[in-house]
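Take a look at these structures.
Across the two complexes that follow, chain A remains constant while its partner is chain B and subsequently chain C.
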Partner chain A sequence: MTAIVLRLYIAGKTATAERAIGNLRRLITEIEETGQRVDLEIVDILEQPQLAEDERILATPVVIKKLPEPLRRIAGDLSALDQVLIGLDLQVR
Partner chain B sequence: MLRDETAFRSLVELSSDTILLLDPDGTVAYANPAAERLFGRPLDDLVGEPFGGIVTAEEQSDIYITHPRLGHVATSARSTTIRLSGIAYTAIYLRDISERIRTEEERLRQFSVALNAVDQGMMITRSDTSIVAVNPAFTAITGYSQEEVMGHTPQLLRTGQPEDRESYTEMRRILEREGHWEGALRNRRKNGEIYEQWLNISPVHDDSGKLIYYVALFSDMTDINRLRQLAHHDYLTGLFNRAALQLHLDEELRRIARYGGVFSLIMFDLDHFKAVNDSYGHDTGDRVLQQIAELTLDEVRDTDIAARWGGEEFMILLPETDSDDALVLAERLRRCIAATAFPETGSITISLGIAAAHRDETLEDMLMRLDQALYRAKESRNRAELAPTPGPRDM
Partner chain C sequence: MATKQNAAMSQPDGHDYTGASGTEAPVCATGIEGFDFIMHGGLPAACPTLLRGGPGTGKTVISLSFLCHGLDIGEPGVMVTFDESPQALIRHADALGLGLGEHVEAGRARILDMRPDREEMTSGESLELSAILARIGHALAQTGAQRLVIDAIDVLEGAFAGAEGSVESELRRVFGWIRERETSTLITIGEHGDFNRRHGIEDYIADCVIALKQEVTERTMIRLLRVVKRRGGGHGTNEFPYLISEEGIFVLPLTGSRLRPTPTREPISTGVAGLDGMLGQAGIYRGATAMYSGQSGTGKTTFAASFAQAACERGEDVLYLSFEEGAEELMQNQRSVGLDLQGCTENPAGAGKLVLEPMLAAETGWEEHLLRILRAVRQYRPSVVILDPLSALSHKIADANSKAMVLRLLSLLKVEGVTTVATELLSDISGGESPLDVSSAVDVWVKLRREERGDTLHRLLTVVKSRGMFTADYLNEYTLSDRGVATHGRPGKTKDGEQ
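This part shows the complex of A and B:
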């Protein structure tokens, strides 16, 4: 099975960013328990501003589902895990 | 009721907060004029750009807007779903809070710099634990400057070691339940060194009782431990000093007065030590004392407390030990030292007095009996003598 590819963009290690990272990791654990594989890359756009421009990042933190298609993006601290799943079009069942 | 769409539109366009309408896939379908300033780009460039739906369990959450010149602008975001012509749009309200945060945090920073003279480290965080201000002592202890920690959470200072994770979790739990926390905690300095700190965290509430800040005060335990070491130990031998032993003695006396039981003391001094100093010099004398201390530590049990009582006099406190057992240990120590070849002076012997504590006897009386026993041992030297039990008057 092909992996789910997620990329989380943050702007510095702010408290909101830390929360988003924590929430996303919890979510990934849930997804992986169903046997799906998730590749997560965290990009700090303070360190790589060019990437923010390439990806047209308007707001952070924001998570982008690169694969499988279609592309999806969700901004915020991602604390409502169920809604993140719906928004990213992912299933844990 | 206002039913006219143009009336609504002009309300939205007058708003100084940014209002966006997002398509179901998170693309900007509409942006009000205030968005131009917040995003730092013309409205036409914003429409059609991907924003992403906002997901949070909170009523409002912090979102950072990427601004081509200002960097990242902090906003407080709210969102709601509205239906227009049968399509579910997400309406997003973004309020620029960077100015408020800057003013508030500038005030806090000035406050913390005012705490220059305080040698305790201080750190102020928002309720979400992001750091907004630290004082110079913080930098001295952690190695991190104010600029380096701003906006980070104290996570940055954690050791990252699995055995510490539980104490961090425990601290957070108590902090959430009781509002404040005090205790020892291990952290890591910027140079990687792990240190123990004594930490006190208190909350600051606003007028409505809402938690707005945490203030953390901490001291480097490395210094405290060093001071404690200095205060309680003899500088030459590393044994406990007289003051520290006195504290342990008081504790033992209280214990047997309350619960009964017994403890013993062994007092010993070096035979002919003056001659050692006179013929070999004080440096040699000091080294002999250090070796005696080492041999003593080898012979005593973990629960015994060995101290340098003064000059060439030593004292061992043996909790829950009667005089017979104390005599056995004293004899063993005497033989061990007598059998040791001291590299600079050859053989050295000690004389020892032993006394077991009696309930209702004062410490002074006990020390006097101990002194008498040592005095008798001294008459023949290289000898251990038991003190007489106190007379009926003392019983």
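This part shows the complex of A and C:
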């Protein structure tokens, strides 16, 4: 089974960014409990602004599901986990 | 900065657009001549300017001109777009002849695509817009940009459903950051809602605020530009009408023009020998304004066309603005009285060129007419302009604007340094009275009339006034034939034998 590839973009270690990281990690644990593998990469766009340009990012934090296709993205502190699952088209069975 | 300021202030045509004070803050020219004039040289340098206006008011055209003028004079620039795609902007700019695509390819300009992704969802109420700042900052640093355009940033509001509260406070941070960049920045927003007030852009962020609007009066549409505020610098205070066309924005400071023409004493022929004779043998002074007023059938257009043809034959360029007849119709009608306007348009060697431009008086408002006429004059740079008939412009304006508009037009043409020849239709019941009543604005006034005596129609001309030159005090009878206008001197004297 191919891994789910997620990339979380943040702009500095702000409170909102920390919340998003915590929320996303919790969600990943839940997903991995169903036997799926998740690769998460966290990118700080303040360090790599060109990546923000390439991904046309306006608001952070934002998580982009690179794989499996189709590409999905959801912004915010990711506190509403149900919405995150819908937004990224992922399932926790 | 000093060289930049000079480049903006001393225009290639040598006019001083900045006023005598010389103490105003440094400016950043947009390259839009009339606009820079109103702005006393351009937008304030190193600070943000807000340009607001509804759809179709030309915000993007002004922004692109500002950006590309900078690129042309060696100032790299960044454009941030929240509404149109970068490709559309490049096409738009290239259609205006601004060559943005080239500058982007060469890396001198960058367009940042910040159109919100409508598919993107939001989870939670807190969002940060630091990414916008990081992207702009990155692009500014990479290009070494001196000019920044932020187009339609108000689109951002409402792009993140559920997080409106944090977007609002984040936007304030974005504007504060932009202000601290000390880059010459133009921010555009639509006129809808109270976006700029809520975010304090107008009050706290922008050093300069320009409002664009469209207005419909008497069923004609006019676009108006007004400088609402300008910190530490001058600006015109009126509403300035402007045009948008495939050539870009054309603004005319209808008031506040500081240019003065130099009067000349060089006479030029009217193309009718007998009329020249009534004006001290030589004709009218170059740069003067002449008006032929007459009832229908007195050959006003033929006098105007004779003037045009004589000017072309002397090697001068003529712009003939025809308000009633199409070009073909005019050339054909004048051919029947022996005038070859078509030949003049073909620009034979040694002769001046005639440009015939029909401008049908219907459909457009007077401001637009004024702007179109002046734009054509700037474009062709003729030495003679014919307005035939000028009265067609005023007929549709039944109000008091009519006279003011004609006076303004004539004085603007004088400022341009052209010789102006206008015709005016007098009705049969006018008793020879001029409905335009612009005698004070014309230097030479020729009246044409017809009289029926017995079974013959007589045509008579008089020089009512001619400033600063000899004026014949007699009536001169004339005829129109296939050899043009011929004068026969005082009626009842030279032609006695024939009666």
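Everything below uses one rule, namely that the second predicted complex is superposed on the first by the 93 of 93 C-alpha atoms of A that agree within 3 Å, B and C clash if a C-alpha of one lies under 4 Å from a C-alpha of the other, contacts with A are read in each partner's own complex, and residues count from 1 in each chain.
Heads up, the rule we're going with is that a residue touches a chain if its C-beta (ideal position, glycine included) is under 8 Å from a C-beta of that chain, and two chains touch if they have at least 3 such contacts.
Everything numeric here is computed off the predicted structure, so don't read it as measured data.
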| item | value |
| --- | --- |
| Three-chain arrangement built on chain A, chain B and chain C clash or fit | clash |
| Chain B versus chain C as contact partner of A:V84, first or second or both or neither | both |
| First, second, both or neither for A:A75, with chain B first and chain C second | both |
| Touching partner for A:K13 - first (chain B), second (chain C), both, neither | first |
| Partner chain in contact with A:Q50 - chain B first, chain C second, else both or neither | second |
| Single chain B stretch clashing with chain C - from 9-17, 279-287 or 369-377 | 9-17 |
| Intersection of chain A interface sets (partners chain B, chain C) | 11-12, 14, 16, 19, 45-46, 52, 56-62, 73-80, 83-84, 87 |
| Chain C contact footprint on chain A (complex, rising order) | 9, 11-12, 14, 16-17, 19-20, 23, 45-46, 49-50, 52-53, 56-62, 73-81, 83-84, 86-87 |
| Residue ranges of chain A touching chain B (in the complex, touch as defined) | 11-16, 18-19, 45-46, 52, 56-64, 72-80, 83-84, 87 |
| Residues of chain C touching chain A in the complex | 112-117, 119-132, 134-135, 137-139, 156, 159-160, 162-163, 167 |
| Footprint of chain A on chain B - complex, ascending | 25-26, 28, 39, 46, 49-58, 61-66, 71-72, 77, 126, 128-130, 151-153, 155-156 |
